[in-house]
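Across the two complexes that follow, subunit A remains constant while its partner is subunit B and subsequently subunit C.
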Partner chain A sequence: MAKLELVAELTGHSDRVWSIAWHPTLPLLATCSGDKSVRIWKRDAGNGSWGCVSVLDDAHKRTIRSCAFSPDGRLLATASFDASTAVWERDGDSGEWECLATLEGHENEVKSVSWSASGALLATCSRDKSVWIWEVVGESDFECLSVLQEHEQDVKMVQWHPTEELLASASYDDSIKIWREDDDDWYCSDTLTGHTATVWGIDFNETGDMLASVSDDRTLRFWRPDTSHSNAASLGYRQDPRWKCVHTIQDLHERTIYAVSWSKVNGRIATAGADNCVKVIEKEAMTDENAPKFETIVSLTNAHGQSDVNSVRWCPLNEFGDLLATAGDDCVVRLWRYVNT
Partner chain B sequence: MSNKLNANPVIYEVSKNVGRIRKPEDEDESVADPFDSEEIFELIRHINDPEHPLTLEQLNVTQQELISIDNDKHHILVRFTPTIPHCSMATLIGLCIRVRLLRSLPERYKVDIRVSEGSHQSEHAVNKQLNDKERVAAALENSHLLEVVNQCLATTIDK
Partner chain C sequence: MGFSGAVVLTDLNDFITPSQACIKPVEIKKTATEGTQIRVDDTGGYYEVRQDGGETKLETASISLNDCLACSGCITSAESVLITMQSQKELYEILTANKLAIAQGRPNDVRTIVVSVAPQSRASIAAKYNLTPLQVHMRLLWFFKQFLGVHYVFDTAFSRDFSLLESAKEFVRRYRQHRATGGVLPMLASACPGWICYAEKTHDYILPFIDTTKSPQQVMGSLVKDYLGSKIGLTPDKVYHVSVMPCYDKKLEASRQDFYNEIYSTRDVDCVITTGEVEKMFGEQGLGIGHVPEAEVESLFTKAVASHDTGIPMLAGTEGSSSGGYLSYIFRYAARVLYGINLTLEDVELGRNGVQVRAGRNIDFKEYTLTLPNDPTPVLKFAAAYGFRNIQNLVRKLKPTSSLRRRPTATSDYHFVEVMACPSGCINGGGQLKPDDDLASASRDWVARTEEAYRWVANKAGVQFPEANSAIGVLYQEWLGGEETEKARVMLHTGYRAVEKTNVSGLAVKW
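Up next is the complex of A and B:
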């Protein structure tokens, strides 16, 4: 039977913890909170215990909603309700993080930040309904390439594709949009409809040929690009595939689902929500790619006592691929090990 | 405020209950003491309307019958009725109720706040905003808005 075993309990934040980001190459994670700080936690190579190694608390005036490491692990971006996004650099020798740049432009709360696979682009989104694409120019400069204003409401989350320059955004308008670039021009290539309430979280699988989304409608949906219709190209139109919902798990949680994480190491999916639960879902091996089947293999209640669970993230390192981090309204971050006995 | 949306609201007689009548089981320390709708109503009935020097109870915006509780699931649903269907204060009133309960109830309670069905022309939008925890968290970091909420809650000081 599969289960999640508690590995570590990380305390130190003094307000609700909103989001978690794992470092791409080190056993280290960043968490951000309503206490306006980011905490960096590291695994001690000696005894294997986890502890706080840095507190970044001098860049944002309000809640820090989201954080993300660049693919090379050198930079950390943080998005705040103070309408700004900060980029921090890690000093290789001291391991200390210093604020390198502050990205301004959104009218109000920035809710999510994501680095593209190459690390050359950054995306942010806000309650102002826009998605911004930023280009990294030189050591510490960021230039806004595009302001995308097609969502009708708040944009809750942005997530880049794991290999391509393709961006997904999730919104309070109940939709997900897919954005692509064509000759320096960023455009919405598809709008994914089906959720009946705010879409809070999205994540791609390892290869990026599937997208998972979670919502206030308490469903987990899976989407795949439909490449079967390609006659548009002969007519001179853009040949972007349409994303099709290939599976929906109804009533997965009893209240709003806030987060979804798709492990790039072992393909397992984890979700977390306002019903205090964390779930692990696995795709059944021998299923048709266009009609995949999924099974809920772990259902952990009261993962953070009687608090909402706001974030869930699988560790991206092969060595620690069974580690799952969760963050809650109880100000605590927990690390769990997925065990199948 | 010279241009009130609803200049002459109907004023309702308030419940004579000055506080909760203690029941025998309230004194028994050995049994669990779950919340009932009367206790929740007691917490919100004295909230001041943002526009009028009257309480939400006097304007019939809050009613005990519109509160439902599931103590097993720690779930509380509070519905309220704006005085007029185009009331632009509906979100603010809902926010006041939410903040009042946030500050008074144990953390384990999950609270949903909705306008009562058919009582507001933007019912869906108001409900959606009031139950989005991120929007509520951001609103409460706005010092001006927080001040307005605190003014409405000034009349609910615990006795």
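Up next is the complex of A and C:
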């Protein structure tokens, strides 16, 4: 039997916790909240306990909806309902985080922020229906590379591909869009339709040949680029492969599914939603790549009591690959260990 | 909709949403106090039902372009509003009213109709129908004057010469002041209404940087309503002025309060129709642009020269970019006036004689600098920045309180920036004709083709510099009483105001 064992309960936020970001190389995570602050939590190397080491609370005037570490772990980006995105730098000596830049331009609430695999690009999205791509210039400046306005509604989340310069965005218009760059600008290379309500969360698998998405329609969907080039109809007009839905898990949660995390360490998928549940899903071995099968192996109810679970994230470190962080409307962040007895 | 009976609404001030995209709360005059109900009848009419049973029909909410200008909800405007408020239908109505007035023997009610055509619109039609812009101009002359009964057709490349001359003078003034006491630089071009709207609604700190010179459309507006009107003895309201533009946002520009004459309740430009709407007009009249007759070019308020071969008037070319050529003209003017360096068009275009041209991060950003011999620091540093992404980087760099907390901001050290909201500039305006095949690759070729059509005029007839346009010199004297007069300031310049952030109704916003 597989299950999630509670490892730690991180309290300190004074409003609902919206999102979680694990540090790419250290046993450390950042969480952001309606209390307009980011808290950095760290594992004590001595006794293995988790505690808050920093509170970043002087950059945003409204809710911080999303946070993300750069791939080298040096920078933290935070997206806020105050229409700005802040970029923080960690001082190597003191470990303190200092606001390096604020990126303005979105008309209203910024909903999500994501760093590209190389750390050279940053993507943000907003209720203004746009996705912005920023380039890191020099040590601390950012230039807007593109403003993409093809979503018809509020864009809920942006997520870069784990290795390529390819961006996925999820929206209230029920679609997911894939963005690529050509000689001069970014363009929408594919629109993934199938969800029948808001797409709230997306995540790639380790190699980036699959994308998982969760929605208000209570399904978890899996998408793969169709690389069978014999089928010309599957190609976008720039010869980009079309992404097709290869599996749908219906009624995974009883209410809206808000978040999905695909572990880059062990390949397990975790979801969380408004039904207060956290689920762990595993891909069955030896299934056809174009018709994969999945199994729900953990179903944890009331992970945050009677509160919605807003975010779920697997730890990316090999050593702690079984650690799962969740955040809820109860202002609490919980760390769980996946165990298979 | 399945509304029936009385729908009870309390404290609701916007029960009709004009369009899904528009989030401006519409205020409806209500006498409502407590306990009133709203009844919807079978035809969709809304009635306020008082407690005593009496009913009052409620007005239908509508959004005007003025509302758009005053609202910070959208960057420019909901497209549906732009298309419905000013269109060819308005022009048809005036034409019909004129015919009626003549038929009924009311000559005093006939309004003089003027159509001013932008050179980018001519280029777009030329590119699509395999014509030259000169042919397009002659066909539009035939269509508007002989077919529809419009009285005058003018050319905004003509009024643009005023815009260029005034912009260049304003630039030199700002530059000298900057050198002396630290004036406001860079000067940012003001001809693009999308950019102006955006700056006014979201970046008020940018407004002092914007060139106060009116756009060619609005200079033509002053010229038509003030000068032409008085010449032919008509008050401004007796002249109906239409402009043909490559851009929907020009409709917003024409609606600005600054260009409204309160005494005569009339605008300098009464109606703006886009290139696409002109094409539609031909269709509505059962005509094909490719097959209509051509009328001879007239020289009144038209940038025209006599052909070398035939002596017949033809369109004269303009310098620089197809977005008005502000950068090129001001660059050369400043080099001459400030540093005594005479640059040719090719010097600026190709980067010679002290001019360096540097490609930017993308095709819509280009930098032009002028350095003097023996001094590596450029004395002129100009840029062309088109499209939203380049505008973003520009406004970020001009932001007064550094967005970088720790390190100093990389401030913009440009002296002038030709800013346009559309990628590729006005030639690719939102109102231009579209290729039949709507692929991105095709659209790039399409823009190049339109650009080529635009260039045809200068290649054919040569460039006529604004100083060489003798009619402009005459108008400065006759109309404005000379340069730098109060009249010249009023007729050729304008101002910008920040739009207050409105509290947008949360209920009307789609989350």
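Methods note: the second predicted complex is superposed on the first by the 333 of 341 C-alpha atoms of A that agree within 3 Å, B and C clash if a C-alpha of one lies under 4 Å from a C-alpha of the other, contacts with A are read in each partner's own complex, and residues count from 1 in each chain.
In this section, a residue touches a chain if its C-beta (ideal position, glycine included) is under 8 Å from a C-beta of that chain, and two chains touch if they have at least 3 such contacts.
Quantities reported herein were computed from a predicted structural model and do not represent experimental measurements.
Using the contact criterion defined above for the overlaid structures, shared-chain residue A:V53 touches neither subunit B nor subunit C, since it reaches no partner.
In the superposition on chain A, A:V265 contacts neither subunit B nor subunit C.
In the superposition on chain A, contact of A:A101 is made with subunit C only, not with subunit B.
In the superposed model, A:V246 lies in contact with neither subunit B nor subunit C. Contacts of A:D154 after superposition: both subunit B and subunit C are touched.
Contacts of A:R127 after superposition on the shared chain: both subunit B and subunit C are touched. By the touch criterion defined above, A:S146 reaches subunit C but does not reach subunit B. When both complexes are overlaid on chain A, the residue A:D329 reaches subunit B alone and has no touch with subunit C. Contacts of A:G34 after superposition: subunit B is touched, whereas subunit C is not reached.
Across the two superposed structures, the residue set of subunit A contacted by subunit B and also by subunit C is 127, 154, 172. Against subunit B, the residues of subunit A that register as touching in their complex are 16, 34, 62-63, 65, 81, 108-109, 111, 127, 154, 156, 172, 197-198, 216, 254-255, 274, 305-308, 329-330. Residues 98-105, 107, 127, 139-141, 143-147, 153-154, 172, 184-185, 187, 237-238 of subunit A touch subunit C in their complex. Considering their complex, residues 73-74, 107-108, 110, 128, 131-135, 137-138, 141 of subunit B touch subunit A. Those residues of subunit C that touch subunit A in the shared complex are 75, 202, 361-363, 388-389, 392-393, 396, 399, 403-407, 410, 423, 439-441, 509-511.
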